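The structures come next, written out as C-alpha cells.
Consider the two complexes below, in which chain A is the common component and chain B and chain C are the respective partners.
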Partner chain A sequence: MSNWKNLQSRSFLESSARDRALGLVDEGTFTELAGPFDRVTSPHLALLGDAVAFDDGIVTGVGRIGKTPVFVISQEGKFIGGSVGEIGGAKMVNTIKLAIDFHDDLVAKYPDLSDAEKPVVVISFETGGVRLHEANAGLLAHAEVMDQLQKARGKVPVIAVIGSKVGAFGGMGFVAAATDAIIMSEFGRLGLTGPEVIEQEMGKEEFDASDRALVYRTTGGRHKYIMGDANFLVEDTIEGFRAKLVDLAPLPVADFEAMRRIGSPEKVEHQLKLVALAAEMQPKDAVDVWAKAGNENAPGLLDVPFAEFVGSVKRLSV
Partner chain B sequence: MEMQESMMGRGREAIDMIVDAGSFQENTVGAQSFDDPDFGPGAVVGTATLDGMTCTMIVSDADAFNEKFPVVYAGIIGMEEGYKMAQAVYASIEADAEKPLAEKRPLVLVVDTPGNGPGKVEEIFGMNKSTAAYQLALAEARLKGHAIIAMVIGRAISGAFLCHGLQADSILSLDANYGTMIHVMPLTSVSRIIKKPLEKLEEISKHSAVFAAGPRFFYSLGGVGALVDNVDGMRPAIIARIQEVQTAKAEGKQDTLGPWGRGALGAERGGRVERPKILALMDREFAAVAEQYAPAR
Partner chain C sequence: MALHTLEFELETTSGTASIPAPTHVGVTGSSDLEVILEPAPAGKVAVRIVTPVTGFDELWKRVVKKFTDETALAGARIEINDNNATPAVVLLRLKQALTQATAA
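== the complex of A and B ==
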C-alpha cells in the first residue's frame, strides 16, 4: 500500500485505481468496500479460462474530504482496459446507491446537517465501457448506473475525474457526461467512439487513430475544457485533482446543478445551439472550433504551457 | 420456431400496428412541436392514443438520412436525434406535470437502432452528451411516474439500446423468430477481439447468457421482461404492461421496475446471480463502518 503523502505529487496518469482512490480523499480515511480481500472475482472470465482480479478491476469505497463523506469509484485500466462486467458494474451501482441511502439517513437523523456534511460521489474513470467477455451483463449494469445518477440528482453530487490512460469511452462516456461536474487533466480523454473505431468507420484519411495529437485534439482534456464538456482542468497530479475536490465537496447540491451540461430541457436547448454550430461549421479539426471560440493561436494551443493555457484560453460560448 | 418476416427497418409501420388506428400525430408532444423536417430526421417523435390513453411515441426511422450529419442513416441515433428524443420526453413530463400519477402519459419506445453516431464531428462536439441527455430525461420521466415501455422490433445494439430502451420501466421484445437482434457485439466479433475461438464461445453461451446474442439471453438476464411471438401481440402486450407498470407505481413499487428491477429479475431467472451477492456484501461492509462517516455531534 502506498504512503498517502508520497501519492500526492504522483502523476495521476500513472497512478493505479487504488492509489487514486486512496490519494483523492483525506489521509487514512478510505475504507474499501468489496475489496480484494473479499476476493469477488468474475466467474465469467474464469469460465473463459482468463485471469481474474480480486477486485474485478474496480476499487470502490468510502473516505472523507474535510467533513464530507466521499464515496469513491475508481476504475483500473490495466485490468482488461477498465471494462465493466457484472461484478464491477454492481460495485459501481451500489456505491452510488449507498451514497444516496446514506444521504437520506443523515438528513433524517440530523436536522441541522450542513451541505459540507452531505455525501458526494467521485468516479475516477478509466474504461472503454462494456467488458465483452460478459457484455450483456455489463451493458445492463451501465443502465443501472445511469438510473442511479438520476436518482442522485438534487441529493448527492456526482463528480467525474478523468485523467487516466484509457480515458472514458463507450457506454461509460455517457455515464461521465451524465455526472454533475467533470474534472480533467490535459491527459484525460472523454468521448463515445474511441479513435480506432472512428478510423474504421471513416477511413484513415479522415481520422488516423495512430496520430496522438489528433486524438488529443478531438477528445483530450484541453479540448473538452474549451468546449465546456469538462468544467475544470487541473494539473496531472493526484493533489491537483484532490485540490479541486476539496473546493467542490462542501458546496450545496444546487451549485452542482449549475455545472451540469445536460439534464434539463434548458440544458438540452443550449446543447442544440452547439449542434447547430457543428452543422454550420462542419469542422475538419477541433482546431477550427478553438479558433471559432476566439483563440488567435488556435493551432498552437496544445503546446502552450499548462498554466498559461488555463489562464488565457477562450472557451466556446454560443 | 417458424421464422416470420423481420420488422427490421420498419419502425413507422410498427407505430401503426401498436397505436389506435389513425391516432398518431407526428412532431407534436404536449406544447412542443418539431417543425423543422431537417432536424433529427432519424428520430420520429409524436403523440398517439393507445386504447384511448394519450401516449408519447419515440421511434427510429431507418429510412431517414441526416444531411447535416451523414453518419446518421439506417436508424443510427446522432446528436440531433438524441436531443430531439430528449425534448420529446421533457415535453411529456411538462405536459402532465400537474396531473396525478395515474394520468401521466405513458411513453412507448419502439426500438430498432444499430448504434450511436460515430464520427469526428460527433466526438469534437460530444456525441456522448446527446444520448446521455436522452437517458437522463427518460430516467426522470420514469421516476416522476410516467410508465415507459420499450418494444424491441429489430436491432437493439449496445450503446444505442442503452440510450433507447434500457431506461424503460419494462422492455418487451419480438422473439427470435422475427430475427430480433439484442447484443453488444455479434459473437464473431467478440471472438476476434477477446481472442477466443468462436466454437468455444458458442459452447459456453449455451449455458451462460452474459455475452451471447439474442432476445432469449436478455430475457434470462432480466434485460427483457417478456417476449412477444407475433406482431399482432405487440399492441395488447404493451397495453397490458402499461397497466401493470402503472399499478406498480401507484403501489410505490418503483423498485420492481426499470434498470434496478431488471437486476432482481436477472437473479430470479438465473442469468445474473453474482450481482445480488455483491450488493449484499457491500451493504454489510458499509453498515459496519457507516458511523465513522456520519457527522460528529
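== the complex of A and C ==
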C-alpha cells in the first residue's frame, strides 16, 4: 500500500488506479472490495491466451471524505487500456448499486440524515470503453452502468474525475457524460471516438492523432472546461482532485442536478443551442470556439499557466 | 492458445526471511507483471505463474530461485500474472513486492 501523505502531491496523471482510489478519500479510510486478493480474473482473456489481472483492471471500494461515505471506482489504463470487460464492468455496476442500496437503508433508518452524511460515488475514468476481447459482455456492462446511473439519480450523486493517461473515451465517454459532475485536469481527455480511431476511420487529413496539440485542444481538459463539458478544472495532483471532492461531497443532491450537462428537457434545449452554434459558425478548430466565447488570446490559451487560465478564461455560453 | 499456467515449488533450507502480510504490487501492463506475495510456513516457496508465453519454464524457475536465494526467503506463496515481462523486470517486481511486504 502506498503512503497516503506521499500520494497527495503526486501527479494524478501518473498515478495508478489503486493510488488514485486510496488518495482521493480520507487517510486510512479506503477499503477495497473485490480486490486483487479475491483473484476475480477475466475468463474470456484466459480463453484467448491473453494476460489477465487479479483485479481485471478496475479498483473498487469504499472510503470516506469528511462525513460522507464515498464509493470509489478507479480504472487502470495500463491493463489493456483500462478497457471494460465482464468482470470489471460487474465491479463498476455493483459498486454503484451498493451505494444506492446503502443510501436507501441509511435514509430508511435515519430519516433526518444531513446531506453530508449521504453517500456519493466517485469514478476515476481511464479507459477507451469496451474491451474488444469480450465485447458483448463489455457492452452489456456499459448499459448496466448507465442503468445504475439513472437509478442513482436524485439520490446518490455520481462524480467523474478525469485526468489519467488514457482519458475517457468510447462507451465510457458516454458514461462519463451521464454522471452528475465532471472534474478534469488539463491533462485529462474526454470524448466519444478517440483520436486514433478517428484517424484510422477518416484519415490523417481529418484528424492527425500524432499532433498532441490538436488532440489536447480538441479533447483536453482546458477545452472541455471552456465548452462546459467539464464542470471543474483542477491542478494535476491527487490533492487537487481531492480538494474539489471535499467541496462537492457534502452538497445536497439538488445542487448536483444543476451541474448535469444532459438529462432534462432544459439541458437538451441548451445542447441543441450548442449544435445550432456549431452549424452557424462552422469552426475549423477549437480555437475558433474559444474566440467566440470571448477569449481575446484564444490561440495562446493553451500556453497560459494553469492558475492564470482558470482565473481569466471565458467559458462558452449560449 | 489458452493461457499458460506454471506451478512449482522451491525447497528452501537455509532461508530466514518471511512475509509478514499478504502484498500485491504491479499491473499486468505490456511487458510488465503483477505479484501477490503471501505468508507460508518455512521450508518451501510455492509458485504459480500465469502467462501468455510458453517455452520458458526453466527460465522462470531460475529467476524465482535467484529471488529466493538473494533474499534468503524461508517460506512464501508467490502468484504472478505476467504479460511478456523480461526476467530482469520479473526479478525487480519480486523484490519490490518483498520490500513492500516487509515495510508495511
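Quick notes
The rule is simple: the second predicted complex is superposed on the first by the 317 of 318 C-alpha atoms of A that agree within 3 Å, B and C clash if a C-alpha of one lies under 4 Å from a C-alpha of the other, contacts with A are read in each partner's own complex, and residues count from 1 in each chain.
Please note the rule applied: contacts are C-beta pairs under 8 Å (C-beta built on N, C-alpha and C of every residue); 3 or more make two chains touch, one makes a residue touch a chain.
No experiment lies behind these values; they were computed from the predicted model shown.
After superposition onto chain A, partners chain B and chain C are found to sit side by side with no clash.
In the superposition on chain A, A:M202 makes contact with chain B only, not with chain C. In the superposition on chain A, contact of A:F54 is made with chain C only, not with chain B.
In the superposed model, A:K273 makes contact with neither chain B nor chain C. By the touch criterion stated above, A:S16 is placed in contact with chain C alone, chain B being left untouched. Contacts of A:R315 after superposition: neither chain B nor chain C is touched. Contact with chain C, but none with chain B, is seen for A:A46 once the two complexes are overlaid on the shared chain.
Of the two partner chains, chain B is the only one touched by A:H142; chain C is not.
Contacts of A:E76 after superposition on the shared chain: chain C is touched, whereas chain B is not. Fitting both structures onto chain A leaves chain B and chain C with a minimum C-alpha separation of 8 Å.
In the superposition on chain A, chain A positions 47-48 are in contact with chain B in one complex as well as with chain C in the other. Contacts from chain A toward chain B in the complex involve residues 31, 33-34, 38, 40, 42-44, 47-48, 60, 62, 64, 67, 69, 85-87, 89-91, 93-95, 98, 102, 105-106, 109-110, 113-114, 117, 119, 129-130, 132-144, 146-147, 149-151, 153, 170-171, 173-178, 190-193, 197-198, 201-202, 206-207, 218-219, 223-224, 227, 229, 261-265, 267-268, 271-272, 274-275, 277-279, 282-283, 286, 289. Residue ranges on chain C touching chain A, taken from their complex, read 1-4, 22, 24, 27-30, 32, 34, 36, 50-52, 79, 81-84, 100, 104. Contact residues on chain B toward chain A in their complex (touch as defined above): 68-69, 71, 79-80, 83, 86-87, 90-91, 94, 116, 118-133, 135-137, 139-140, 143, 158-159, 161-163, 166-167, 183-185, 190, 193-194, 196, 200, 204, 208-212, 217-218, 221-223, 258-260, 262-263, 266, 271-272, 274-275, 277-279, 281-283, 285-286, 289-290, 292-295, 297. Touching chain C in their complex are the following residues of chain A: 1, 16-17, 35-37, 39, 41, 45-54, 57, 76, 78-79.
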